[in-house]
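Each of the next two complexes has chain A plus one more chain, namely chain B in the first and chain C in the second.
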Partner chain A sequence: MRRSTRSNSGLRKIFVKSEFYLLLVIVAVSLLFTIMKPSFLTFTNIYGMVESNSFLAIMAAGVLVVLISGGIDISFTAIATVAQYVMATIVIRWGGNMFLAFAIGGAVGIGLGLVNALLIYFLRTPSIIVTIATMNLFYGLLIFISGGTWIYGFPMWFMERNLVRFGDNPGITIPILVLVLSFILTWLILKYTALGRNIYAVGGNQEAARRVGISVLKTQLFVYCYMGFLAGVASTVQANMMLTVAPNALMGRELEVLAAVVLGGASLAGGTGSILGTILGFGLIIIVQNGLTLLGISSYWHKVFVGAIIVISVGITAYQRKLRERKGAIINVEE
Partner chain B sequence: MAEKLLELRNISKRFGGVLALDSVDFEIEKGEVHCLVGENGSGKSTLIKIISGIHSPDPGGEICVDGRRISHQKSSNSVREGIQVIYQDLSLFPNLTVAENIAISSRVETGKRLMNWKETEEEAVRTMKKIGVSLDTRREVSQLSIAERQIVAICRAINANARLVIMDEPTASLSKNEVQSLIKVINELQNREIATLFVSHKLDEIMAVAQRVTVLRDGKKVGVFDASELTRQKLSYLMTGKEFEYTKLPPYSGDEIVLEVRKLSRTGNYKEIDLKVHKGEIVCITGLMGSGRTELVLSLFGMNPPDEGEIFVCGRKINPTGAVDAIRAGIAYVPEDRLQHGLVMNQPVGKNIVLTVLKRILSRIRFISKAKESMEVKRWIEELSIKVPSVDSPVNTLSGGNQQRVVIAKWLAINPKVLILDSPTVGIDVAAKDSIYRIIRELAAEGISIIMITDEAEEAIYHSNTTYIMSAGRIIGKYNSSELTEKELYEKINKI
Partner chain C sequence: MSKSDNKRGILSKNSEILSLGVILAVLVLLFSLALPGKFLRPSNLQSMAFQLPELGVLAFAMMITMLTGGINLSIISSANLSGIIMAMILTRNVTPNMGGGELGWIIFLAILAGMSISLAVGLVNGMIIAYIGISPILATLGTMTLLEGISLVITRGYVISGLPRSLLVIGNGTFLGVPVPLFILIAVAIAVAILLNKTRLGLSTYMIGSNIKATGFSGINTNKVTILVYMISGLLAGIASLIMMARFNSAKAGYGSSYLLVTVLVSVLGGINPNGGFGKVSGVFIGLILLQVISSGLNLLGISQFLTLALWGALLLGVEALRLAKRRVR
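The block that comes next holds the complex of A and B.
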């Protein structure tokens, strides 16, 4: 049997990985922005950039897990919106504390995620169809019940964002802490738990997973509930930053999140993707958006750039695959 | 007499009105290499599914492991008894590493909640050592060749404490060398007292590897035979109940050239190919996988344009740069992988047949005419005697042999001068092979020139007029097929 030379295979592996190229692009783009606008590379700017996108990034971690399992979820922004309304209504009427607010957000998310999971498993219908349906269902019911009104007037304890301050600099804020925790949690689950490895297995070959005795139902239950959980948590983070709850604050951003995760190397066919890739993919998109804002370019162009980045990245992947396939057919012709 | 590992007594299985298995007895000894053969529909796969617990036998049947009677309702039971099935699709996880694939069943079975990567690696290395193979445990399975993937699947079975490994058509997509190393692994399993049940269509392999052969026909057991007392002739007679004797085709005598290739070259594929195909001649191109034969015929069909050289059809020079050019020049191509490239599997038989001639069946207002379509379809179904429940049945409900005929029909519909067949009999049983050979001979008699790529020496010798041997991108020999013997041809292909 063939054996690759161990000595340099580690290094070679790094160069082959798409994460490496993403990192290169991020460095190049950041360098360009810094030259054109030195205020880009300041702590305040970067911190602000991460914090203001934290709730989308938290949901991206959930989307990553769903994509790895071979599914897709379009309904997570609707879930987040419902969770936000329920959470806000409860803490404004009955009070509570920050921990309770997150617990409510997360619990509502889990409940709605469970609905997705059960429908997908028992109807044996593609997850994209099911979640488009539930997105409309959740959101429609919410608007019907709430009348689409905005919610203001959070209690004082909810308005505090900083946990620790370092002098004048922003310290550790709730959005940043929750973001870091959810990324670490997702990474641990995916890499070091049997459940996480089962998610990869189901996404790679569902039939084979069933044959070795992995419960596809249990795996899917977890995946969609986890997505719901992170959506609920993210919506609480967003409410904490904005201090208002609006029906259209989160809706419509699901494709943006999905695109960032796919850019980070997760495949829509399932089975591949990593938290590092998601961080880089998401990072690239917000860096470009932030840089363009700093340069004073109209926000309409942001969408064009984001679209272009995705097309180029998908194009490069396709080209690499084509090269690989061609390589397979080469014959050593005797001269 | 050696100890029995598995014994099945009086096994019957009825699906609806069809008796798939009819009181079959079957046994495997410890550490034996046993082969199960039979045509499609003879009950092989039903028998395997009963052994692996996917189906349960009808009342009256008995299954014993180590002489103990077991209830065989669930596949987890058979796994516990050490029975592992390696399906034709291998059931691997392409996105996971070699190590994780090998260790996955034991991880799932022990029910551990955390993943121990170091232990997984060690487990994989230990298992590979047992059968004397070594693969990089950190590589993703998607990067491995089919043969290497098979090794991973076998290792996974061993790691799950298999005492009997069932392999369904393990050699279907392997080259000759890869088959040799698979046989080595099977022998290694035997040294460790692990029995192998091998299901195959390739009769040569069966004789090379098995100790005993069980033959099924129409759901009944024909018998159990020592592999040493079987010949290919006898085996195919046992499987089908018919004698298949072929007369060799005479050397080609006419002189009307239909296809001529002069000094055709393509970098990295083949070099300086000269080839002449006459009217009604059957030409065989043989050689190892990766000798450039498929690449060459793809060039003739316009899908792999050559760098240099000329192609003539009936004396007229053509430069096919796409399948459309080739079809217009009268060249048809039936690919090896009929599932992927030859047929639209979930579409009806009829729709598949007319796919190449849609233009011909248009009505006056340029819509497809149902009447013309059904006429065309009917003609080919009769001509090639394709067995179909109805022209509206999807192709994937047909047997392998009938699928092959649908592909051929589809291409015959364009009235080709040259029909190229890439490995037309791979994966189909003896009787279906026979009917494909008959069709090829009839077509040649009607004046169509045939180019057939094949791996099997027997196929070249008995079913072609002329044999070309390719090696490393070059033609290294041209022979009158009838003057070759199998041994000679085999040695020439492998350059012994």
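The block that comes next holds the complex of A and C.
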């Protein structure tokens, strides 16, 4: 028993990681799609695929951080919707610039995330319950106050998506840039800051974390505000792509994002998860959807495939854990 | 445990129901004052009684899994799939000039098929949770997506409508002035209450929710109980689908999707502990009436239904704050 756990060579470590299997599946699936439809593996297709899903991916980074801390957030699509409304209203009425638009979106998100964090901490109620309540609260109030009308007529500067152009290629667009930046930021926070390690600690064992002197309140405040911040930023990206603000554009997609993050190896029990896993989990889902579309398979089938992928992959992980559980506790921190 | 401890336990359990009852009474009073002669009018009570049951039956489907410390996110998509299958059997085989006996037989077969699907979904949910060890929220999130996909593939997103008139009674009929679906809801509530309080399965359900390992060591087959609980949850979703189908005279993928998180909300509002082990049918029932009273009252006042959503959320937070305060006092 002891020998087998001791002889952990570097190579072995790679094979054990769930990210490795995800990567294998992605490569296999991509290969299959490329053989069946060569247009899959083109720059334009992949770029378009990533860009059109960028706002969901940005929120996924936030969900990852919340899951690592041992919580869950259902309200982030409602937060994003509120942030989008506020941002669009201000920008259209008083003008501004791109940076300001993102700052407004992010600030509204942080504010609402703060509400979540305080309620979760002080009510001592599971985060899933609090955020279901705040989802209804935020969204209901927003539509009640705003009347739920669509918003059009963004200023000219808001309509520009390209930052740098390389010939006919799209170059660097705002959604892609913001996506990359938010992933790097999340990675840096999780890996290189004391705060990031605290998030893992609180998620792994809240009581133990409290006893070694980590402030659970501060950690949770950061986690839910960060989730809100990314939701606000993501909603600005979505507005930048769609150029309209619709009250139901983002609602109802929270479980989809959650599923992608969990597919990437984050555990709902907290304490585990990595940004690489999230990229791969999210990537697998959008690759499958994109490939099926290219193959001309009706979009009605997408959910069947996505559902099957979730059940199978989560099932494999859970079953492996069940087998390993007999060997003792596992701590899995991003390395 | 001493006698006084027991007494206090019973008292505090009832005080939970009592405080919900007080909130309900206050709300009814406020709405009656704001809407004199309108809110408590029989027609309004009747329309409330028509709207309540579908959410109510779904809430019990959610509640019973939450008692084990789980959750069932697939109830709505499972209900829609059974509704679609039932509606397809009915619309394909029923002709306008069909005899009563034959019609009854087809309706019976359709309902049998719908309930079988619901039970099968529950069985699958229960098995992957119990044997593979996927956490309930993820397992049912997966089956939810899968079932929704299957429904979409079957229907291509279209509505299936035009059901036999004799079936619509289930959703729209009244008996002695009381809507038929309300009878179904009350029957479901009583059945769930008996199941939870008077049977071994019910006791095991609460025990699993409190401590699944200890329950296993005490000789109870926790896997079997989990599977049965999810099958019952599935069956309740099937019953809800029957009400929904009869009320809308149609079936479609995506009907009632906004109910999903509301069923969690109403369960917790009614005193179900999201970690499992605690909660009563009566609490959930009062919670349901509370939500319905808010919804109908605001509707009569001409206030947007979205404020209703916001108030539901606020009510849940308020009740949680109240519970916290109570725990602190003790």
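Just so it is clear, the second predicted complex is superposed on the first by the 314 of 335 C-alpha atoms of A that agree within 3 Å, B and C clash if a C-alpha of one lies under 4 Å from a C-alpha of the other, contacts with A are read in each partner's own complex, and residues count from 1 in each chain.
Here, a residue touches a chain if its C-beta (ideal position, glycine included) is under 8 Å from a C-beta of that chain, and two chains touch if they have at least 3 such contacts.
Quantities reported herein were computed from a predicted structural model and do not represent experimental measurements.
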First, second, both or neither for A:T272, with chain B first and chain C second: first
More chain A residues in contact - chain B or chain C: C
First, second, both or neither for A:R211, with chain B first and chain C second: first
Contacts of A:Y152 with chain B and chain C, given as first, second, both or neither: neither
Touched partner set for A:L119, first chain B, second chain C, both or neither: second
Chain B versus chain C as contact partner of A:K191, first or second or both or neither: first
Contact residues of chain A, present in both the chain B and the chain C interface: none
Chain A-facing residues of chain B, complex: 75-76, 79, 87, 89, 91-96, 100, 104-105, 107-109, 111-115, 133-136, 139, 148, 151, 181, 267-271, 290-292, 295, 471-474
Parts of chain A lying in touch with chain B, wherever the complex brings them together: 1-4, 6, 9, 191-198, 200-201, 203-205, 207-209, 211-214, 271-272, 329-335
Interfacial residue positions of chain C with respect to chain A in the complex: 73, 128, 132-135, 137-139, 141-150, 152-153, 156-157, 257, 261-262, 264-265, 268, 274-275, 303-304, 306-314, 316-317, 320-321, 324
In the complex, chain A residues that touch chain C: 74, 119, 122-126, 128-130, 132-144, 148, 252, 255, 258-259, 262, 268-269, 298, 300-308, 310-311, 314-315, 318-319, 321-322
